[in-house]
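Shared between the two complexes below is chain A, which has chain B as its partner in the first and chain C in the second.
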Partner chain A sequence: MGAVEAGIAMVMRFDVILTILAAAAFGIVVGAIPGLTATMAIALLVPITFFMEPIPAVGAMIACSAMAIFAGDIPSTLMRMPGTPASAAYTDECYAMTRKGEAEVALGANVLFSALGGLFGTAVLIVAAPLLAEVALGFSSFEYFWLALLGLSCAIFIGTGAPLKGLLSLLLGLFFATIGLDNPAGIPRFTFGNAELLSGVDFIPAMIGLFAVSEVLRAMASGAPDWEMRQTAMRNPLKGWGRMFVTYWPQQLRGNITGTAIGILPGAGADIAAWVSYAMSRKFSKTPEKFGTGHVEGIIESTSSNNAALAGAWVPALVFGIPGDSITAIVIGVLYLKGLNPGPTLFLNNPQAIYAVFTIFILANLAMIPLGLAALKAGTALLRVPRKLMMPIILVFCIVGAYAVNNSVYGVVLMLGFGVLGFLMEEHGVPIAPCVLGIVLGKLLEEAFVTSMIKADGQLLAFFERPMAAGLGVLTLLVLCLPLLGRLRRALRSA
Partner chain B sequence: MKRLLVAAAGLALSVCLSFAPAIAAYPERPITLIVPWGAGGGTDSVARMIASLLERDLGQPVAVVNRTGGQGVVGHQAIADATPDGYTIGLLTVEIAMMHWQGLTKLDPASYTPLALVNEDPAGLQVRADAPYKTAKDVIDDVTKSPGKYKASGTAQGGIWHLALAGMLTSLKVQPTAVPWVPSNGAAPGLQDLVAGGVQIVTCSLPEARALIEAGRVKSLAVMATERSKLMPDVPTLKEATGSDWTIGAWRGVAGPKGLPKEVTDRLIPALKKAYDSKAYQDFLSSRGFGGRWAEGAAFGAFMTEADASLGKVMKEVGLAK
Partner chain C sequence: MRVNDLVLAVLVLAGACVLAGAAWTLPPIPGQHYGAAVFPLAIAGGLFLCGVVLGLGALRGARVPFVTRTWAAEPGAAWRVAATLSAIIFYMLAAPSLGFIATSALVLLGLFLLLGVRLPVAAAAAGIASLCVFYAFAHLLRVPLPHGLVEGWL
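Here is the complex of A and B:
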């Protein structure tokens, strides 16, 4: 047990704890600003870690990323402006709760279940990292193709209203994903010779436009009336949490497991985890009709999921140096710089460092509760600002965020365009969530399909040749066909 | 009268301000370093290391700005389009000698003022650790026997590691189409696919493959350089393994827009030399397993022109050029 104690002792130092707290506060600020993602927060930390000891450096990155993913929920709930892409899946649900006067309940759920999700992911990382990394490493493009298709089928469950309009929205999203040069063949598509368009439709400006700018436009069109509902203050957070924990424990557990699993897979991260969990929550809910009206159930499942994914992404990163998401891609570079070269040998030669990493994960997720509650109190004060003043401020934040993504005006133009599109779509009852999902998954789906076809010399049956791919393929086809079969059976019965 | 005085004072002030840069010594305000690739990648970390070292020497902040997208086109364009006053410079990558051959942009190495080459990582030839090959020659023999059977990956279609493979095969009198290329989003996904059994060959650099080589999942059979790598001295050069003279690597160098004034280059090149020679940078290279390579000013320009010609030749041979 010497290594465990040594690992814990490496963390329990004044300077290390202080670094972790400072990085956590930094993560909350960056995560809460739309357009500035958790990945960006980590990238900004990199030059600072050049001059740090290994353990505080790693600690800063873990604490910062965990806080940023949670903090993304704050503007998402208060202003319908996802702070990070990982919050996009349940932005509408959180915002609907704010409209009902339950902003503090929604944010309280985000704090608690983000922390618990993070702890669950950490537990999996501690117990089974080497084993699970092995499984994740076995995933090839054939398996990813089915996973992306399964993800797209989520659109059926997340879109409210008419299925045809949901499909239209999804296809729009898939179309946007085809723009640019970053496709398997490396051929520019829909770029009209413009250098900026070569980089395609960046997901973040599109998301800010669709969600936040469209909301600003709508508020302005109606003269920005103030909230009809008074926000109820969250009384005792512990009491509310106890009730949610007891009522929704299966959802929470499912979110934790889904999130961790998706995080471990190198091709997918916290954002996709949140989408899948939100869709699953609705699919298996006893009251699916409440989804989209400000119901906490789906929020709990997906907010657990995205934080669990964060820890899951460290599994292949620590064991094989293969990043599980865009954050760990940066972390791996820092691990090398600090002499903590990832690989199975790290677990053998330097176990105390591994235990130190685990300890930091636990500490960071625990620290999320008090820090998160403080951020929540500060955030909800914003709701008392008259909406007439708030809307222009939100627009300014949107513009700054869209600019910051790539330091170019192109992002701002993109965001404004998507704002108008989102406004028009919602005015005509077309849901925007499937469109966002299409942009997220479109590239993954196309890449997986085209690369698989190259590998298999065009044989479609190859998608069923590998055992894991075959299993996933059958599952996907079942999910897609079951509603049709059900309808067929009902039709036969009534005939 | 009062208004006139204010206007005159304002005019005088603005005249002073507009002349100020010419009077004060460069640099007198923060410098922007544009990186055409994403935050956190290898190129980004080189840029951030160089920026933090330049900052100490120049006494002005050097801000790293990532301008990503279009497989490097957007960022390279931003560097070339900047005002040539020395306050916007950038990190060029090998793609600058490739993109224009593909018809993606008009930019080429001549669109810049070369400052310094700071790093080069040669391509390696990697296969699964449990593959039945002992040498690079075994791989080539097998590929020749059954063209089209084996697939390779490591970067996007037409990317540097794709060229590494195509150039290697051509130099050994094998049709480049004998090993179809499976595009990937960089080396890590390509390597993962190698271990997952999706592809059989990955031609990426040794530092990129390092974790999986050390984990015993992947082995490197050759490095496409004139000398063996410091990181893995046991891996033979391609010449030793197969007799081919083919060498290729991904390189990175600092440059500014075309027409940087001499006073700027005279200040920046020695500062870059100091940064390159510093212990911090050399330690950084060795801990990441990156290869160092130095060339300054005109020598870096000549290096790029030469790379441009040789890459263009291969791209035409294998049908990647427009």
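Here is the complex of A and C:
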């Protein structure tokens, strides 16, 4: 029996399949609860995997993380509360579809394209794992700086408002990321002597505050009247899926490729992939004006992307034992515990285990379709609950979610502060999304920038000396300058 | 309630100056030109530019009143927003002694009544929702939610 057959046989056992399904259901529940991330779902699984054989343990983690990333889209669509940070990029778009009465269409797209994105990422993982990992390992601080800047420049175009206010929001986010001890000099920065602030501004309470609490405040201000729109039921999801698949295949493919590529880079995971893909979708769309009004195009591209990134993150994890994101960081620990030490030798000594992992990936993504459909049906039932009852309950969820991040009231304080900030920002037409991305990418950007500046002794040209850095740098500058050039051309033409 | 872009620009400019001032006081890494101050200074520079462009745009654009009453003009809206924020603060202060279930039920009951839900429905929904959230988070997900009177009986 060859390694491939052996690998498949290791998975096709009743106990393994049952474990995978149970972990998938667990992932859906945790992912759907705002404030609990896919990473947290995996972390909660670790103690349980101690009692499992290696293959079901790894299978449980893969299935759980894939489901959690998808399930994050459910509360994001229904309540404007991203269940996981990976859904934050297109939360507003999904919620706008809910307001139009198309919640099930948005969620249906999320299920299908999440599964397809995951399968694409898996295919790349199977075919190109060793080669691609090698490219990503060649990245230095210069490449990381450009990559982070590219992600941020995308953020400015995510918001539907004026780019200037998007930039303002982004700078605010970057400022919040500078708070704390985690900086190049390792000194307390902007902490005002507060011990809690030393650990910095936690991203999850900030996100819950900006997105969810601000929405609760707005609903409370208006007296939480019920939805005026009736939600259209998606009687035959397969029919809608066929049309979406045919109409939006380029977006889907682009999302898959971008997601996988970003997932492979160490440190950049599904969250960043979704942001970049949403911005790309808007940039290349024939109808960019529809973005932000409840248009499925951007959702398809970014939901494909974040699930593709999840599989992509396994490339450096399996080949070199370097985590592609926080989820694989935990999984690598479990792999070591189970004697499946990741690294090139795993491919030589235990190839059947690698093939078993690939099989689990395929199974998990296929299982996402029926499980996801069941979850979204249950989720849309939530919309029938009167909003006067829903909004206060969401507030309690927010409080508990913010508390659960570090089991401390500090999370709730952060959530409250960011809730008020988000409310005021939206009142003034300042988009929230770039601020969230600024908080996420700020540390990476600063570290890469200061390290590069020290290495280059202040010579800015060094940022373009390495071929890969030069390529990324030119791409970033193009993304930043294209809108300005377009405006200049229009001004010249009208003059 | 919203202020116009000119007021916003002044606030942003002031914020940029405060940030730059605070960043200057950060000590450098010994023997290096670039330390903890570089990045905040760059952000302050960006904010300053944003403020200038925003302010110039507001000066050139149509005259808008300094403060516009938007949602705050609706009867009771400001009161409901203030009550929601107070509910979060109440939770933070009361949960460690009262425990999660009692505090959450009080917060929910208050907000339900504020939104005009009838008392029996509000009381039942507040109790059930608090118990469900407690069970899901404290038992299934092992989040150490604060224990108080009610949790002791369970």
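Just so it is clear, the second predicted complex is superposed on the first by the 489 of 495 C-alpha atoms of A that agree within 3 Å, B and C clash if a C-alpha of one lies under 4 Å from a C-alpha of the other, contacts with A are read in each partner's own complex, and residues count from 1 in each chain.
Criterion: a residue touches a chain if its C-beta (ideal position, glycine included) is under 8 Å from a C-beta of that chain, and two chains touch if they have at least 3 such contacts.
Bear in mind the structure is a predicted one, so any value in this text is a computation, not a measurement.
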On chain A, do chain B and chain C fit together or clash when superposed?
-> fit
Where does A:I272 make contact in the superposed view: on chain B (first), on chain C (second), on both, or on neither?
-> neither
Kindly classify A:I454 by the partners it touches after superposition: chain B alone (first), chain C alone (second), both, or neither?
-> both
How wide is the angle at the Cα centre of chain A, looking out to the Cα centres of chain B and chain C, in steps of 10 degrees?
-> 80
Partner chain(s) touched by A:L337 [first = chain B, second = chain C, both, neither] = first
Identify the partner contact of A:V216: answer first if only chain B is touched, second if only chain C is, both if each is, neither if none is.
-> second
Is A:E427 in contact with chain B, with chain C, with both, or with neither (first, second, both, neither)?
-> second
In the superposed arrangement, does A:V400 touch chain B (first), chain C (second), both or neither?
-> second
Have a look at where A:K388 lands relative to chain B and chain C in the superposition and call it first, second, both or neither.
-> second
Kindly classify A:V412 by the partners it touches after superposition: chain B alone (first), chain C alone (second), both, or neither?
-> second
Is A:A185 contacted by the first partner chain B, the second partner chain C, both or neither?
-> both
Shortest Cα gap between chain B and chain C in the overlay, whole Å, is 8
What part of chain A is shared between its chain B contacts and its chain C contacts?
-> 44, 184-185, 407, 450, 454, 457
State the interface residues of chain A toward chain B in the complex, per the touch definition above.
-> 39-40, 42-44, 46-47, 50, 137-142, 180-182, 184-186, 188, 195-196, 198-200, 202, 266-267, 319-323, 326, 329-330, 332-333, 336-339, 341-345, 406-408, 447, 450-451, 454-455, 457, 466
Using the touch definition up top, name the residues of chain C that touch chain A in the complex.
-> 1-3, 8, 12, 19, 22, 26-29, 32-36, 38-40, 43, 46-47, 50, 53-54, 57, 70-72, 74, 76-78, 80-81, 83-85, 87-89, 91-92, 95-96, 100, 104, 107-108, 111-112, 114-117, 121, 125, 129-130, 133, 136-137, 141-145
Per the touch rule above, chain A residues touching chain C in the complex are 30, 33, 36, 44, 164-165, 167-168, 171, 174-175, 178, 183-185, 187, 189-190, 213, 216-218, 220-224, 388-389, 391-393, 395-397, 399-400, 403-404, 407, 409, 412-413, 415-416, 419-420, 423, 427-428, 445-446, 449-450, 453-454, 457-458
Complex contact set, residues of chain B against chain A = 39-42, 44-45, 48-49, 51-52, 64-71, 73-74, 77-78, 102, 104-105, 148, 151, 153, 156-159, 180-185, 188-189, 191-193, 195-199, 210-212, 214-217, 280, 284, 287-289
